[in-house]
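For reference, chains read A, B, C and D in written order, and residue numbers begin at 1 within each chain.
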C-alpha cells in the first residue's frame, strides 16, 4: 500500500503492457479492419439509374478515383503492416510506454479509411491531399518513434544485429522524404503527386525484384 | 449420465471457458473493431456542397466535436485494453465465470462507439454526457469485478506479486473517482467535463514520463 | 500425379484444414465483428429533431426494442462462443470436414446481426421472431454436428473424459428444447417468447452462481 | 551504414516479413471481416412500408438474389481460407516477397464484398457477373502465385511431401477451369452461370463425402 501511494504508476508499469504478441494481435485486427473498410467506399451504382450493360460499365467507370485511392491505401497499409511486424518480431518484450506508442501508431492506421475517403471524394482539392499526406507522415513518425524507444529501452532480441535500426530508420526517412517531394507537385497538379506516391509505394513493394531505385 | 442429471452445469464448467488466450484473442478483435468503427463518425463533407478549398477546410472544421470524441474514445479504449491485457497475461487460466465477466466487459467495449457517436452529435446535452460516463463506469466496474474474481478464485500465475491487486484496483478507483468529479462540472458546462476527462486519460497515458499527477 | 488423378480430394484432405488454432482465430474475428456490428443498430437520434434534454431522453427511449435485442444477441453470441471454444480447446487437431462444419457454424454467426436487426425493427411480427429462432436453431444444429464429428473422427485430446460429449450435447438439446417451448408462446405474444428466451440465456450464463434451474 | 547504401532493400529483407503466424492472423481478420460484411447487404425491409405478416414475408422474399450471392460468397471465402491456411501451416517461415503476394491475395479477399454486392444488385447483368468472375480469378491467381513462390524459395517445412504442390495447383487449375466454363453460360443466362459456380463450390466443399466429381 505504501509503495502504491509513493509511486503507483512506476509500480504498475512493471506489470502493464508487456506482451508483444497482443500488440501484434490488436494491430492485425485494426489493419484487417482498416483494409476491408476501404472497400466500403467502392459504392455500387444505384440499381434504378442503370438501364443497360453500357450504363453499368459507365457507372463503374466513375469509381475510378475510388479505385485509385483504394489501391494506394491498401499498399500503404500493407507497407506499414510489414514495417510494424518486422519490429514486433524482433523485440524481446513490450513495455507500457512502447505499447502506447503503438496505440498512437494504430490511431494513425484507423484514420487511413477517413483520409482515403476524403481524397477520393475531393481528389482535385489540395486540402484533401495535404490531409492524406499528414496521415502518411503520422504513420511514419509513430513508427520511427517506436524504433527509437526500442533502441533506448534496449528491447531488441539477442542475436538481432544493431544494423536493423539503421535499416529501419533509413527506410522511414527515405520514404517520408520522397512523400514530401511528391507533395510539392500538388502545386502543379494533385494527380502528379498521387501518381508519384503510388510509384514510391510500388518501389517499396517491388524494389528488390524489379531493381528500380534499389539503391534506396 | 447420472452426473449430468445431478448437476450438469457444475460438470460442464470443468470443461468450459478455460483458455485465457482465446479471451484475449476475442477481446483484441472487439477492441480493434470498436477503435476502427469510431472513424466512421468522421463523415466526409458532401461533395456537391463544396466549391472551394476554403469551403472544404470549413466543412472539415465542423468535424471538431467528432474529432474530440474520437481521440477521447480511442484513448479510453487504449487504456482499458492495456488494463485488460495486463490482467490476462498474469493469470494461469480462465474459468467459465471469469469468461462471462470478460464478455460483460466486452459488451461495455462494444457500446463505446455508440456512446461516442451520441456525445459527438449532442455534445452540449447533459444526457449524452451522462450516458458516456455510465459507459466509462461500466468499463471500470466490469474490469474491477474481473480482478475480484481473479483474487477469489486464486487464478494468479505463480511468481506474480499479490501487490498487483492493490495497484490494479487502486488505478480503477482513482480513475473512476476522477471521472465522477469531472462529471460534476457538467452542471456548469459540458466542455469542462470533457476537457477534464481528456486530461485524466492523458495523465494515465503519459503520467510516468511527464510526471504530472504521478502520485496517482 | 497418378495419386492425384485417382483421388485428389482424399489426398488433398490429408493436408487441408488441420489447424484448430486457425479455426479459433477466424471464429474470434467473426464473433468479435458480429458482436460489434450489433451496436450499429443502436442508431442515435437525428440532431435536427431534438431540441431539449427531455426530447433526447425520449428519443433514446425509443431505442428500447433495439437495446433488448442487442443484449439478447450479445448473450447468444457469448454463449455459442464459449460453447465453440470449449470444443476447440479439447480437440487434438482439425480435419477438412470438421473445418467446413465450423464454417457453417460461422455462417450462422454472421447471420445473427441480420436476424437481430430484423427482430428489432419488427418486434411484434411473428415472421421476424421465427427467423430469429431459426438462426438460434442453426447455431445449435451446426455446433451439435461438429460434436458428432469430433466423436466419430475420434478427435478428442487424450486425457479428456468422454463425458464431455454427454454434457455438451445435453446442453445443446436442453437449450434448443427450451427455445422451442419459448417460441410456442409467440401465438399469444411475441414479447413473452422474447422474455423467455432472455431468461433461458440468463440461466445458461448465471445458472451456477444463482442456482436457478441448476438441474438443467 | 555502407551495407545500407550498397543495397538496403536486400539487407532489410533479411529482417522483414518473416512471420507466417502474423500473415495468418492478418488473414483471419480480413476473412472474418469480409465474411461478416456480406451480411450487411441483407438489408431489412423498411418498417413503414410493411403492414402485415404477409407483407414482411414478401419483402423478405425480395432478398433472394442477396441471399444467393451471400451463400455463394461465403462458400468462396471459406474455400480460399482453407486453401490459404493449408499453405501457411506447411511452410517453415515467410519472406518479404511471400508476404506481399499474400497481401495481394488479401486485396482480392477485400474485394469480394464489393463484387458480391454488385452481383446481387445487377444479377441479370453480364458486366456484374464478369467482375465477380475476375475476382474469383484474382483469388486463384494470387494463391497459385504464392505456391510457386513457396516451391522456388524452398519454404516447405521438412517432412511435407512435395506432392502438395501437385495437389494444390491441380485444385486451383481445375476450379478455375470450371469457373471459366461456367462463365461461358452467361451468354445464355446469368442464372445458369451462377448455379454452376454454386455447384462447383459445393463440389469442392462436399466432394469427399458426396463422392460427386471425386476424380477432380
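Convention: contacts are C-beta pairs under 8 Å (C-beta built on N, C-alpha and C of every residue); 3 or more make two chains touch, one makes a residue touch a chain.
Because the structure is a prediction, the values reported are computed rather than measured.
Under half of the residue numbers found at the chain A and chain D interface occur in both copies, marking it as a different-residue contact. Note on A-B: its contact pairs, compared by residue number with those of A-C, B-C or B-D, agree for more than half at B-C. Of all chains, the one whose Cα centroid sits at the greatest distance from that of chain D is B. If each chain is reduced to the centroid of its CA atoms, chain C and chain D end up 25 Å from each other. Per-chain Cα centroids separate chain A from chain C by 35 Å.
Within chain B, the positions touching two or more other chains are listed as 25, 28-29, 32-33.
Chain D contributes residues 24-25, 28-29, 31-33, 35-36, 38-40, 42, 44-45, 47, 50, 53, 56-57, 60, 71, 74, 78, 81-83, 85-86, 88-90, 160, 163-164, 166-168, 170-171, 205-209, 214-216 to its touches with chain C in the complex. Contact residues on chain B toward chain D in their complex (touch as defined above): 29, 32.
The part of chain C that touches chain D in the complex is made up of residues 1, 3-13, 15-19, 22, 25-30, 32-34, 37, 96-97, 99-100, 103, 106-107, 110-111, 113-114, 117-118, 121-122, 125-128, 131.
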